[in-house]
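Presented below are the structures under discussion, each in the form of structure tokens.
Look for chain A in each of the two complexes below; its partner is chain B in the first and chain C in the second.
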Partner chain A sequence: MVQGEKEDIRIKFSRLRNYIRQPHIIISLVLLLLLLFIVLIPFIKMVKDSFIWHFGDTRLSRSARPGSFTIFHWRRILASQITRNVLLRPLLNSLSTALGVSFFALIIGALLAWLLTRTDLPFRRLLATLAVLPYVIPSYIHALAWLTLFKNDRIGGAVGIFQYFFNLSPPNWLSYGYFPIVLTLSIHYFPYTFLLLSASLSSIDSRLEESGEILGATRSYILRRITFPLVIPALLSSFILTFSRALGIFGTPYFLGSPVRFFTLSTQIYSSITNRIPAAGYILALMLVAISSTVIYINQRIIGRRKGFVTIAGKGFRASLTPLGRLKYPALFLVVALLIISVLLPLVLLVWQTLTLYPGDYSLDNLSLLFWIGRGNTEFAEGEAGILRNPAIIKAAWNSIKLALTAAVLSGFIGIFIGYAVVKGRNTKLANSVEQIFFLPYLVPGIAFGALYLSLFTHRIGPIPALYGTFFLVALVCIAKNLPFTGRAGITAMLQIGNELEEASEIAGARWSTRFRRIILPLSIRGALAGFILVFITVMRELSLIILLVTPKTRTLTTMTFRYQEQGYTQFSSAISVLIVLIVVVGELISRKMGKKSII
Partner chain B sequence: MAVVEVRNLTKVFGEVLAVDGISFAVEESNFLILLGPSGCGKTTILRMIAGLEIPTSGEIYIKDRLVFSSKKGIFVPARKRGVGLVFQSYALWPHMTVFENIAFGLKVKRLKPSDIKEKVEKVLDFMKLEGMTNRYPQEMSGGQQQRVALARMLVSAPDIFLMDEPLSNLDAKLRLEMRADIKNLHRETGATTVYVTHDQVEGMTMASEIAVLNHGIIEQLEQPKKVYHLPSSLFVADFIGSPTINKIEGITALAEEGEGIVEIEFENMLLATSYRQISPGRKVMAAIRPENISLVTAPGKNTLQVQVNTVLPAGAETILQVSHSKLQFNILLTRETDLEVGEKINIYLPPEKILIFDRESAELLPNIS
Partner chain C sequence: MKKIIFILLSLCFLFSIILIAPAIGQKEVAEGLSPETVAWLKSAALGDYASETFDEAALYEAAKTEGEVSVYSYSSRVFKFGPTFEEKYPGIKVKGFDIDSPEMVTKVLAEQNAKNYMADVIFIKDPSVVVHELLSRGLVFNYVPPDLKGLIQKDYREPLLVHHTSVDALIYNNEKLSAPPIDSLWDLTKDEWRSRFLFPDPQKMSEFVEVLAAIIENSAGMAADYKRVFGKDIVLSPGVENAGYEWILRTLNNDLVIMASTNDVSNAIGLSDQANPPVGMTAFSRLRDKGKNPNLKFDVMYNIKPVIGVGTKVVICIANQAKHPNAAKLMIHWMMGDEKGGNGYAPYYVLGNFTVRNDVTPVKGSRSMEDLNLWFADPEFVWDEGQKILEFWVANLK
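Take a look at the complex of A and B:
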């Protein structure tokens, strides 16, 4: 009897061992463990930290006893005299800017997508390539350019070009706050709608439209009754995704909102944390996560429900083009104007500004290369040397590149493993959970993600030392945040390879390490390499994610921009931004060469 | 000695029972074909033998070695089973040349480079692939890729050849050639082979034994001739043979005294068969192969007047589709004909060619004559 039971346990054990010994099971388990550390534990820690007293809290309350439990912070944020200013206003501002941005971005993007995929507009291909650029350059570039143009003298600091030339001080609503934030972010985000929608438009089988035409429908009728309903899922999706991205953006609302005390949730998180009330920041970050997740969840539901009639799949069909007739050149003019305003103009303004010796003076005799190649002059910017020979900036550039490379390579690699685990274990619970859980960082807006890591790694936890202030921590957050993208790329690559190629090598007698090295890696590396570049670009221009985690030792180009802008050395901040744009655009062009679509 | 033996093998995917407790053995040098419609579990069985799929329960022996046992918790991974497998997609590695593809398994086994070269060249020669060593798979035709896949399997000299629909991606003409090639390959190497296909002609022409599968169970496992002439169930009768076997629903009737031959009553007509000892009044299905029906001029016993609905001439053969009220028949004539659609003709169903199945169990009734 006892013998039999023992036997039974032994068999169960060996069955379990056989199950676990499958490589994709091991990899799935390791990935889940990794995920536990990089997403779930930070999250739990942040929730926990919102319920305890912190050292700085003695300023807020006498009863504060650092380290012990309290609901003070929740009560303070949710129900006190400051709720209105700390929570409700920023929340309302976040929601209203995000709504405005996604609305305008949708209109511009959709119109552009239709013009560039479905009409006979000239230079469509070239224009479509250029139309992605506003999204490729960092979002705060537009904010900085806006300030260069419309900064007024009411807040202090140098004035913008508008006031310089017209000697008119632009009103605050034009210079700062809601209007410019929505405008600049719309310009930044419309390519996102454009990409999603043109993919969807160009994959509609034009026979669907032609059959409408054969039945005698007019062009506009077809557009309304056939084409439009087919792209509704893409439209909804791009609206919702733009909304969730705009919600978490930090740079633009900070540069354009803070001077007039226009706070959004993300800038409020930043100021709570820099004012050393971290618990307040954590609570706001949790709210941001909650809103963002809800929104993306709604999107998944809509997409899921509508999947049924998405004929949008597979090869590109030859689309029938709508002739624009007399409107051809006016439309071309509008598109070109849009691209000039959203790409060329901001860059020209920024470059111009970097060349002004005294800020606010835009005359020709004030032009100088001091901020690019100057040796440093005590009269200007505390004697800091121009960016191309400034050791601090070169160090930051090196940090940026190092960070972007590390994040790109590591998250790309992990992406390959995610792809392997998910595709190999297709339709099993384990693989599905890997796929879903690795999507989680996508739900967490950048600044909130930074806050998560701040709460976890400022102190030593068990064997893990306090990582705050290390390059490793900054790299870790960049890796984690990009996993949803590289994971997706990995899955796509693995699906293309298919199972049988690996199985064939298993039959040939190769152990897993050999199969991975000789078959899987060589076949997926091409797709992964394009992914590397995308992550490289994303990290290169990252601000929201790392702003809370970066210390002087680990400064990057983006955070240097931020610092100089705060100190009012706008020439420096603009010059560094231009440098970032150069690196990013080169990266984008390389990734295009490699046949990969743009960043989404 | 059985080279492959499978006992009570079961595989459940989620809630789907893909393979339902099957058992069979393949003797040395036999060519077993697993035949069945898609979704019958045939590929799953092959993959379980190969070690690419973990069975839910059962046992697998390869050359008397237990490679899988759910009871004993044994699972030998594919790379240690000594099997060769040709995939439906060929699964040639696109980043390797023909030579590298074939040499891979030998390199993994750490053979000396000179030995590898020798073995690979020998097998290339054997598969008529000389001069292709430095090509990449995508630069070759489907037939050539197929040969490379076979060469890659051959070079490791596995104990068993496993083939998963290897010809289904080829066009009709090439398929015919490769079929002969694989048959020759089997004859020359004498390797025990398990071959999966849904193509019954492949099954009939190549196999020494056919296992007809349906919904995860083996309906019949016998020599091709037997499977064709004495299908054990209506499913097998239906699945094997083209055009499809003709079926007549009826009830057994007692034949004239003395003869003891069972007759089948349908539509108020009687059809004599060679069966004896079946009790009258049983619900049965009579079946007859299309080539066994002949055309006759005069009506008589076991003849039927039918109307020609379709004439499908195919060179040496002609397929006729005829009907008698609600009954439809396929007739295969090994000659040309000038029959016209709408014409009335008489057909003869020879009693000794008629098979009788029980309608409830769908099984063939024993014909003790």
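Take a look at the complex of A and C:
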């Protein structure tokens, strides 16, 4: 009896050993551990920090003892005279903004996707390339461009172009607040829906629709009952992406909302933390996480039920194009107009603004290159040199590039491991949990994610020194936040590599490290590069995520833009924004070239 | 398998909790100074060990061996007095950092907590926070160059050396209007100034909490002026404590426009060729912008009752355990300028900033501070009341 039990344990133990010795299991476990550090621990720490007194809190209450437990902050946010203006109204504003943005971005993106994949619209290929561009431009650029165009005299000073030329002051609702925030963010976010839906639409076999037609269904009936249900999963995914991004966005509501006292949770988090009441900021960040998790949970439930369509079968496949007929050229006009408004116009406006000597004067004799190449001995903007000569800005540019590259390379690399672990362990619980858990950083809205890291790394934790103020911390937050992208890219890349390749070399006696270095990495690098580029672009134009974490040493171009805009030096902030777009475009061109060369 | 993963995960979890736990009880700063601090004060000749005489040559020699000095400055003007310092004292490199005041406090607290002593000179607004959160905990120390002691009155030397007084005042567009359109703070609560009174955001700029605090501390003066303007005693809204708070409430209800910066306020009001320019509060020193931009036309309203504005202090001190104390002392001496203003003080020798030295002639075109009708923010009152004022402000934003 006893003998048998011992045997049993031995067998179990050796099974366990064998199980754990599989490379993808080890990788999965390491990844889970990593995740613990980059998401879970910061989260727990933030919850805890919302329950303790901080140093600055002695201003709030004489009984504050830094470090000890209190529910003061929760009571202050949830039930005090400031609750309405710090929590309730911002919460409502955040929700309605995110929903509004999702609604319009989905409509614009879906329509565009249908026009460019399923109709005979001319120049479809070119237009499809251009349609992704609004995403490349930092989102607050649209906000700054909007102000350039529609700023009215409520906040006095230099008026917008509209008022300059038409001598008519735009009403407040048009210049600031909900309407422009939703509009500019929709323009920024529609490429998500466009990309996802284009992919989904082009994989629908048009014979499904044709069979409906043969059975006598009308066009609208087919669209409603056949096409639409097929793309619902893609639509819902687009909704998640857009919603959670829009929820955590900081720059746009800050620039466009403040003049009319339109606050969102993200702007309140920022103001609590800059006011040195971090616990209040953490509580609001938790609210943000709660909202996005709830919405995404509901969304997942709906997708889960809808998942069962297989439209790509092993049979012949054909996608026929719907002729637009007389609507062809009006549609083309609309698409081109949309792209001009969302890409060309903001950039032209910004460039124009950087060239005006006195803000708000758009006449030709007011043009100057001072803010680009001025030597800074002038009386403008406290005598700061033009951005191409300004050491602080050049340093910020290097910081930005360094940050974007570091984040792109490291998170891209981790992404390959995620892909390997998930694909090799396909359908096991462990692999599934790795896949799901790595989506977590996506659920946490940008500014809340920054708050998480702020709470964890302001102080020393065991052997880890206080990372606040270091480049490493800013890089870490960018890496972690982008893992969902690179993980996805890694999985896609890994799915395309047949198991037999690795097995063959395993039989030939190659160690795992050799296999990984010589077979898996070279084969997956191309796919991973897609994630790499995406992360580079995302980090290059990131503001919400890092605004709470940068310090003078680690300032990036985006935070410099923010600083200048806040101090009222619009030409500088516009010029830096233009510089960001230039770097992103150059970066993408280079990485495309590199990508082509490194393909074996 | 599931069990194993579960066990592994919970182990990690436990591990992480243990890891975090010590960080939660942030170390209480002990009463009195630590032995390390006392030793540093001795070697740096600060605090109780400060020298009674100022020997510039000896200080320079000592500073040269230190080689550099890092200055945390609330303003980008550190990039002006830094280079002139380097010219005057070759061999000492100035590392200037332009950091907003609240962020600087966070940074200094974090660095001191981590024993990562990066800062030498701290040049900062918001004296109430500096005194109560840094000075009282022994994280910064006061240094008054001994040769200046006789030239600076006591309340500008204690508890911290004041670099200059900055004034925030009401301005108007003097191109459109030949005279100030109002003569009392209470005029701003009248319907004709609805949506036309610009005020910088106190949630962002702590000096405007100080401005509001001064108005509240002097609520008796506010009440008296209400009576002068409206001819009757003020009736406070329910739950409002005094005439100062009442003024804040009424201006907010009159759609006071919140601005992002003092620069925005002066640009908004001063821009040439406006049909109906607003009025607003901004830094007095914004007057200097007029010389730079011919399109700016504004001036301070010198005759507003009960006051035209509020004076706030900018202080300067040395961080605990600073690695370059001698260079820091030399820097502070440099920043305080000389009897003609001086190169080190030059960036602040402008209209609207007032030196604390009594031997310096006022800037050309400037009135002396005594001639201006001002209230001064009291750091103790700001410390006691500041957050309450800010919450009152936030609660009443419509």
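We adopt the following convention: the second predicted complex is superposed on the first by the 548 of 600 C-alpha atoms of A that agree within 3 Å, B and C clash if a C-alpha of one lies under 4 Å from a C-alpha of the other, contacts with A are read in each partner's own complex, and residues count from 1 in each chain.
To be clear about the criterion, contacts are C-beta pairs under 8 Å (C-beta built on N, C-alpha and C of every residue); 3 or more make two chains touch, one makes a residue touch a chain.
All of these numbers come straight from a predicted model, not from anything done at the bench.
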Fill in: Touched partner set for A:Glu506, first chain B, second chain C, both or neither
first
Discussion item. Output check: A:Asn18 vs chain B and chain C. Expected answer is one of first, second, both, neither. What do you get?
Written reply: first
Worksheet item: Comparing chain C with chain B, which touches more residues belonging to chain A?
Response: C
Worksheet item: Is A:Thr514 touching the first partner chain B, the second partner chain C, both, or neither of them?
Response: first
Worksheet item: Which partner does A:Arg10 contact after superposing on A: first (chain B), second (chain C), both, neither?
Response: first
Worksheet item: Touching A:Ile82, do we find chain B (first), chain C (second), both, or neither?
Response: second
Discussion item. In the overlaid three-chain picture, which partner chain does A:Asp120 touch, first (chain B) or second (chain C), both, or neither?
Written reply: neither
Worksheet item: In the superposed arrangement, what residues of chain A touch both chain B and chain C?
Response: 19
Worksheet item: Given the complex with chain B, which residues does chain A contribute to the contact?
Response: 10-15, 17-19, 21-22, 427, 498, 500-501, 503-511, 514, 518-519, 522-523
Discussion item. Quick check on the complex: what are the chain A residues that touch chain C?
Written reply: 16, 19, 29, 32-33, 36-37, 40-41, 44-45, 48, 52, 54-56, 58-60, 65-68, 80-82, 84-86, 153-158, 258-259, 261, 271, 274-276, 358-361, 378-380, 382-384, 428-430, 433, 458-462, 465-466, 468-469, 551-553, 566-569
Discussion item. Under the definition above, what is the set of chain C residues touching chain A in their complex?
Written reply: 1-2, 4-5, 8-9, 12-13, 16-17, 19-20, 22-28, 76-77, 80, 97-100, 102-103, 105-107, 109-111, 113-114, 116, 129, 132-133, 195, 198, 201, 203-204, 257-261, 263-265, 267-269, 271, 274, 276-278, 280, 291-293, 295, 383, 386-387, 390-392, 394-395, 397-398
Practice prompt. State the interface residues of chain B toward chain A in the complex, per the touch definition above.
Written response: 14, 50-52, 54, 70-75, 77-80, 83-85, 87-89, 91-95, 104-105, 108-109, 152, 156
